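Both complexes below contain chain A, partnered by chain B and then by chain C.
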Partner chain A sequence: MGNKVGVFTDEQIEAFQDCTFFTKKEILRIFRRFRELAPNAIPKVMSSVDTNRIRLPYQQVKAMTELKENPFCERICQVFSEDGTGALSFEDFLDLFSVLSEIAPRELKTVYAFKIYDFDGDNYLGKEDLRSTLRCLTRNELSEEEVEFVVEKVLEETDLDDDGKLSYIEFEHVISRSPDFMTTFHVRI
Partner chain B sequence: MNRNRVSPFGENPPPYYSYGEEVEKFDDYYDDALNSVVSGENIPTKKNPIIDNVNDSVLRRRRSRRSARKLRRHQQLLEGESNEPDVIVDDDDEDDDEDDLRTRIEQKKGPGHWTPFLHERRAKLLQKEIKQSSGCCGGSNTNRQNWRKFKIWKKEMSYKLEPWGSWLKNVEGHQGTGVVSYFVFLRWLFFLNLVIFILMLLFVTIPYVAFSNNGYTYVVTGSGVSGMSVASEQTCSPLYQVNVSSDAKTLIQDFLQGSGWMEKTAMFYGFYDSQDLNSFVAGHYSLPLAYLLTSLVILLFSLITMARYTMQSFRENLEDQNEKHQYCNRVFGGWDFALSEEGTAVLKHRSLYKDLAGELAEQRHHEARKNMSSNDKCRLYTIRFFINFMVICILGGSGYLIYWVTDWVTSFLADPNYKTNNDAIVVLLVEFLPSLTITALNGIVPLIFGIVVKAENYTPEFTIKITLIRTVFLRLASLAVLIATIYRIVSCTDKETTCNVGQNACDSLRCWETYVGQNFFKLIVLDFLVKVGVTLGYELPRKILTTKCDAAICKKIGLAEFDIPKNVLDIVYTQTLCWLGFFYAPLIPALATISMFVLFYLKYLSAMYNTNPPEIPYKASKSNNFFMIVLMIAFFLCCLPVGYTMVKLTPSYGCGPFRIYSYMTVCVDATISNFPSWLQTIIGIFTSGSFIIILLVLLSLIIYYTSSKSGARAKMIVMLKEQMIMEGKDKQFLLNRIYELTGEKPGAKKKDNKRPPSNGPRNGPPPSAVKTVNEVHQNGNVSKDNDLTPVDDVPEVVPYNDPDDSTRKTAETAFKREVTPVDWDQVPGDENTNRTTSTVTATNVAFDF
Partner chain C sequence: MAGYGNGYGPSGQGQDIPMQDRSHFNPAYRDDSLQRDRVAVDMEGIRMEERRGSDGSREYCPEGSTRRRWAATAEPRDTADLINALPSRQLEQIASGVAAKESIRRRKSSRRSIHGTLRAARGKDANEVADSFTRNDDYMDELDGEARTTETLRRMVLPMHDKLSIKRTTSETRKQMTLKRGQTHKKIGWWKRTKYSIGISWMHFKHRMAEFAYSLELWRSHMKKIEGHFGTGVTSYFLFLKWLFLLNIPVFTLTLGFVVVPQILYRYNIKVPSGYGFSVNETSVSFTGEELLTGGNWFNNTELYYGFYTDQVIEIPVNSTTSYNMKYAYLFTCGGYYILCLITLAISISQSYKMNYIEGSGTHTFYNVSRVFCGWDYNITDKAAARLKHKSFYNEMKEYLSGSKKKSHKKNMEERCKLLFLRVLTNLLILGSIAGLSYLVFWISGSGTLKGSVYILSDLALSLCVSAIFLVFPPIFSKIAQFEKYEEPKNELYINMIRTMLLKTCVLGILVYFWFTDTAKDKYSCWETAVGSEIYRLVLVDFFFILGATFFLEFLRRICGQYCCNKGNEEQEGQAMGPEFDIGRNTLDLIYSQALCWLGTFYSPLLSLVMMVKLFIIFYVKMVSVLQNCQPSLRPWRAAKSHTIFMGFLFFFFLMAMVAVAVGVIIIEPSKVCGPFRGEEKAYSIVTNLIDSWKGDLKVLHDIINFISSPGSIASILVALCVGTYYMRIVMIGHKEMVTLLRQQLHMEGRDKAYLLRMLQDVSQKKKEKLGPSNVNRLLSPTSNSTLEAGQRTAGRRVFARTAADTVATMAPGNTRMRNLNGVLR
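Moving on, here comes the complex of A and B:
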């Protein structure tokens, strides 16, 4: 497997291939996309240290076409960045698209979706999380009353133990019944 | 929370330090939270239930993160890299205090902090590899590596070979997944048609074209089989003549309607004849048999691929039949992560908003319906009845129109001198009249349906459904009428005896199969032209009008919408025509393939540039099913006439591969009669009525078995759900119990637990929790000595997600609030509370009071 581009060593590429759902070509393409975001800051040749160390701040990652329009963009970056600030190293970046790729299994996607929707990070999707999700989805167009109504409805449908919030198990239960989730929770790159 | 930090600055820490403390608390909180989602290792007594659900191989945590960090820091120091201005680089060249602090934060983060699984998996893989290479089986290791490389290569190739992959991505970014599902469906149909075409080409057209010697040197195979007559074939074959004119205009006309020179090409049934191809390899190749078997294989192949395609999505949808989670589906699966275009994203926001608002409106609609007076109800039902009646009338009228037009056209064409009496354009128009009528009806009637349905006051979702059902009905009905009309013409009884050609009132068709083929040929051609016309002649001008013209009225017209249901029905219709026609015109699949191919690019054009995404949110998963069901129904409807032709209709004596047989299936009998007698007996047994009845009974038994099995499972699901709810109630009960014991009112507690709205993500721990910790500090209950206790010595309590979880949390908070410890040993111990007690005691220790 000759690595013509020379960005990574063969070992690196192989490690990436083993750890993500991507092929070599896709990894290199993703790297190109990553480099496009900040051509000056990212070296053409990445050592194994660089892939983890050099991080792009959220403001720069946000500019990416695939993420730009996503209302959950900030959350996604935060979830995937190592320190939670939204700054992504190349490995984080690769992880992000690996999870959002088409072949990633449902279980994995569900875990990350849960984290993305869990705005306050309390490990539950509480009412406030749901409200934030709804506001993101509709760009604040729903009135307060309507948001409340939908939140109540969602809890009514899913909250099996009546504690007013969704635990991961409940969330997973719902997602396994949601036929659209697998088709919508992915990004082609 | 439980791990109080040393403050090297004493009572009044400098501002940045307190910031650090905040970060720490926050980190603690966050770590714990994440911990319990991702890891399962720190939990002393119980395994995290979540981790059981998550596939262990997909989600793991990096263990040696701390050392890796250290290593990295060393490397950085050695390399002495400078900071890039706009990039965050982990640098540690800060003053010692802060560095120390950082290290401690990191240490604490160490095992608990969540890390992306990439690092983790790599570490594991490396470990594995070391183990493997140190073991005895180094040889198999390289083999395995090669195998892995091969698998990666295979995957890469399959991506490369996936046709139109990047095109789909573009569409997805522009229009969303709903529209992409249309394109995927289109691509699927394209390949289906391609396979059908290749089958027909390989087994029918190429053998015949390559090996036929232009005479009727057939070999009558089979002995003792009735229903074969060579004599009538010999007299009738020369009578079937096609007038080929060399006039350029007529040539084009013939090309469009499949007559004249087109009729003599391999496109149509009449071109083939019944000879055995002796020159073919060794032995002989029976063309009639090949023709029949290939057709059957094609039908079977279509059925199997369709069934597989349907089953994929059907399985998922079966679970969701009761529509219990529709709101959740909207909230959690609503956003299309693939969208990358600003305008589309705005539209998607709007569409989601409309969907939710529509849902709310529907709720109100339901409420209004409930409160509706009987008078209003009466009026509504009358309107609905009237409109349904009207729809049936329209459908009936359309059917009759098609019948009448086809009839009239046939009688017009039956006049031998029609070509000389009329202008060529008129003739062309008349030839195309049935197809034109059908296409026009397909275009206009759905519009009427769309208008009248508004008066019926259905819920929005049902409105879409019923309009679609009516449209499907119209499409299939119009085809059915066409087939019936053709059948009436073909099966006309007044025929001359020698060549079985109609006379007097009946139309004289020397080769009726070709006539049927021509009809479908014309329909496909026209259908294709109309699609091209609509895209280029309607959507494109509208786009130009909207973008180039500044007048308000132009802006108001706007872009056309990409109407997914209509588009899908269009291609389903084309596919139906292909299935209907391929038996009578073997190369019609080629036409359909080309049509689908061009359509892909046309629709791509219209999806990318000329249209907006549909405003009504389109549930790809649900509607796909619906379309596949329509396709299935269409398929079975197609099988009926084709099967009937094979079994019951007498083929033309003058043309086609079956000209010497009285029925098409006779050629199978003839072939079987040449088999050895034991094989004949076996075949006889398998095709006998008794065997088929046994088979049917067996099949119905299997169906009964599986259906009762699924019924039992459904009951089981209901039971499990009830059990889940019971568990929830148990938890509530336990909570209340704890409240009672701690002397707090559940209501007050609950209020306290509620978090004020957070302004942004990751707001940190609930303020109440922070406050309590601060209170503890201020009250001085935590002495300096206590503060200095090494962190690692404090037994860690990591929350886990079981019903006890929140119990413990609340207990913790309560504990901190009241400062004075409760005597937990006094807790009356029935079986349920015992568990809680032990956890609470653990908390007691953790707080180190």
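Moving on, here comes the complex of A and C:
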């Protein structure tokens, strides 16, 4: 180990390793990417207070190549930020990529996917949430009737108790039957 | 506290509820007495009003209910709170419960109820969650507690900051408890201490292995670039290539360690033959460059081929007692790596099948939902690719909308007959062409006229012919398949793949047949080396054809596309030009190459090294070509299902190769002049001789083996396997029926819930009207709150509903509807 002053102390690294699915090298790499987003705002050495206190506003996070082209970028940042505005501290940033990594288990990803698609935050995927999702995916190119039709079809397929919206359990039931979910809901960093 | 959607609380002013709160006004609370089954767009039978929100969006509400009426009263607060209190809404709690169950399933050792402590994590902050951790002995155990805490913590849905503080708190508490325990109790026993240290060192080892593997990870940055530009479909091809490359590594190491190195040591010691340049009858042959192409002449007497290996018992060091029998080594190494490949393939294919077919199937198809929720590939980082993905999604939706709007054209008898006749004709045509090509290959390998005329090409004639067939005919087959008018493009793709595989299997089968019957007839020449060199040539020419196809089909097509078709493209500025990367064809090429390698490794032990080099070069060539020349495809590629199918093909080819080599070992007589099995009747007879030799001193082993390999026991094992498979199938059918039944029950329960909630709304509204607006909050007074909680705690909604109905009945005895409800519930 030596006396080199690293970015984090050993306890911090160990704590990060235990709370995410990353190894030490990956954590350091992610920190480098984080620092690249705003080299002036983020110090080279982060204490455990800094990792929570220093937040990057959403506009700066959005510039990252992995998130730039994602239509759900805003929702992702909002879900992982502590105050819901999309400003991410390093801990939130690490959490984001840990959940979206390859090794994260399906259940964890399903919960976060549910939160991301839940635009109004009421713990249900109602019609408005589905409409917003579709609009993000097609960039507003489908007409209103088409969106409505697809939303109805989706609810038809998944709404088990017929209340017009998807609860988490119904969503999880669908996702566990979709083998493509794990490969698409994955960001490599 | 968390930022996870706090913005949904009602505004409380009673005026216009802002747009994002509209989710409360659930249009599903309709009049259920009309017995409709499902939500339909046209909603027949229910008069629904279309309302335009102030942002122009539309909403369907039951007629007569006005948002203003709901908004004007404070009622939404009551029912909204009630809805929020429902257990199915508690997202964090459900997720934590799942996390706890998962971690328990993995540990399999904890018997205490961890559920209770984590379920209580709903809505509490980090300190309280940490308390529930510390209260549970399993997490505070000094040996295992940390590992258990880590595993559960990783899977919990909490903000990172909370997780870190929980971890810190639990570590400190654990340390304190350990110290306290150490002072009062006696020391932990010797066994526990060793278990602890082994566990810790194992964990450290795992961490270090993970880091090492991470730094070694092959081609990670390249994969990322491809993924960013093309998405998961094209990446699946490169992942498959990487997997095949990694699969060849143990095969090569085994042959190197057990077969090649002893042979080299033997020659180094004994010095027979004394160099590489001697052919069978001791005439010297020199190395010229052409051997790399033909794989013959100089290479015939190197370790590349079977013929060079000795059949002696090697003593290392010289003249000592430790002996190394080359015959056993060669045969058992071959068996060893085949079994290794078999196990790897069987495990991968069963995992893949389980994930993609068993869990992915079921009584309902989730077509639309999968499209919507798994439709966006989060890997895409390139702007053009993202635009194309949006377009692809849009096209898919449009296709689905137009397809479902028009009714599928029912074919009448005549059209069906015509289609059937057409399909029979095309299948006959294709089978006939496969048979014809096989005969052609057989004739070429047999005829001597083609050989000897041209310098190098005569040797390569067979390989060139085979590779040319594989290049030209599969596209012809797919063109023919277009005439067959399959309804789904997915079916057409599968049919094409099956036909291509059938062609390759037949051609390879004919070649193997030829080698075993014709080439192996002459026992006084080294026929195994001839077979080995033939396979080497096939592998090499296949490699050149792949490179050539990449060059011509992708590079030149892009150039042509760029320079020839410039006319109509001014408006599509910036659009990527070029062909699409054909994932299916390329993956089938890889599978064929690997099958050749498996076929040939027995006769040419270094072939796996050749294969590894080939795969390595192909990766870089294909990567450059894809990034420069190809554009992402508009059609989505179902990577998961296709992966299972490709693994299936690979497994099939592996079995065929294994059968072919087994036939060669067990039935065909080895040549008499070269190789480790010279002079034996069959290569397999060394095994039977070995077992027979045990009759003397290891009689028990001999008897056991005889018993196991007797026809009776093999037959009974097969019968047992069949019975087991049948049983599994019956269980699966039973489960499917159960799932259908449970779905119906769930549907009914959902309708019950909606009905009861609506009753409650009516009740509370009536009560509010009766009591007047000042007493509106009495509804959620402690008494009714306790009713709610009582309902939740005790079993189910029926009790709750009955209590609510009691409340209602006492208040409004004159109301017939409520009395009916009472009557129903009693």
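Following the convention adopted for this analysis, the second predicted complex is superposed on the first by the 184 of 189 C-alpha atoms of A that agree within 3 Å, B and C clash if a C-alpha of one lies under 4 Å from a C-alpha of the other, contacts with A are read in each partner's own complex, and residues count from 1 in each chain.
Basically, a residue touches a chain if its C-beta (ideal position, glycine included) is under 8 Å from a C-beta of that chain, and two chains touch if they have at least 3 such contacts.
None of the values given here were measured: they were computed from a predicted structure.
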item: Touching partner for A:Arg55 - first (chain B), second (chain C), both, neither; value: first
item: Which of chain B and chain C A:Arg75 touches, first, second, both or neither; value: first
item: Which superposed partner A:Ala38 touches (first chain B, second chain C, both, neither); value: first
item: Which of chain B and chain C A:Phe149 touches, first, second, both or neither; value: both
item: Touching partner for A:Asp10 - first (chain B), second (chain C), both, neither; value: neither
item: Chain C-contacting residues of chain A that also contact chain B; value: 15-20, 23-26, 52, 65-66, 68-72, 78, 82, 84, 91-92, 94-95, 100, 105, 107-108, 111, 113-115, 117, 120-123, 126, 128, 130-131, 133-134, 137-139, 141-142, 146, 149-150, 153-154, 157-158, 160-163, 167-169, 171, 174-181, 183-188
item: Chain B-facing residues of chain A, complex; value: 1, 15-20, 23-26, 38, 40-42, 49, 52-57, 60, 65-66, 68-72, 74-75, 78, 80, 82, 84, 87, 91-92, 94-95, 98, 100, 105, 107-108, 111, 113-115, 117, 119-123, 126, 128, 130-134, 136-139, 141-142, 146, 149-150, 153-154, 157-158, 160-163, 167-169, 171-172, 174-181, 183-188
item: Complex contact set, residues of chain A against chain C; value: 15-21, 23-26, 48, 52, 65-66, 68-72, 78-79, 81-85, 89, 91-92, 94-95, 100, 105, 107-108, 111-115, 117-118, 120-124, 126-131, 133-134, 137-139, 141-142, 144, 146, 148-150, 152-165, 167-169, 171, 174-181, 183-188
item: Complex contact set, residues of chain B against chain A; value: 29-30, 33-34, 36-38, 49-50, 53-55, 58-59, 72, 75-76, 84, 86-90, 115-119, 121-122, 125-126, 149, 152, 155-156, 159, 168-169, 172-173, 177, 181, 313, 316-317, 319-320, 324-329, 331-342, 344-345, 349-350, 352-353, 356-357, 359-360, 363, 619-622, 721, 724-725, 727-729, 731-732, 755, 757-758, 760-766, 799, 801, 803, 806
item: Partner chain A, residues of chain C touching it in the complex; value: 2-8, 20-24, 26-28, 38-41, 57-58, 88-91, 94-95, 98-99, 102, 149-150, 153-155, 157, 159-161, 163-164, 167-168, 207, 210-211, 214-215, 223-224, 227-228, 232, 355-356, 359-362, 364-370, 372-383, 385-386, 390, 393-394, 397-398, 400-401, 638-641, 743, 746-747, 749-751, 753-754
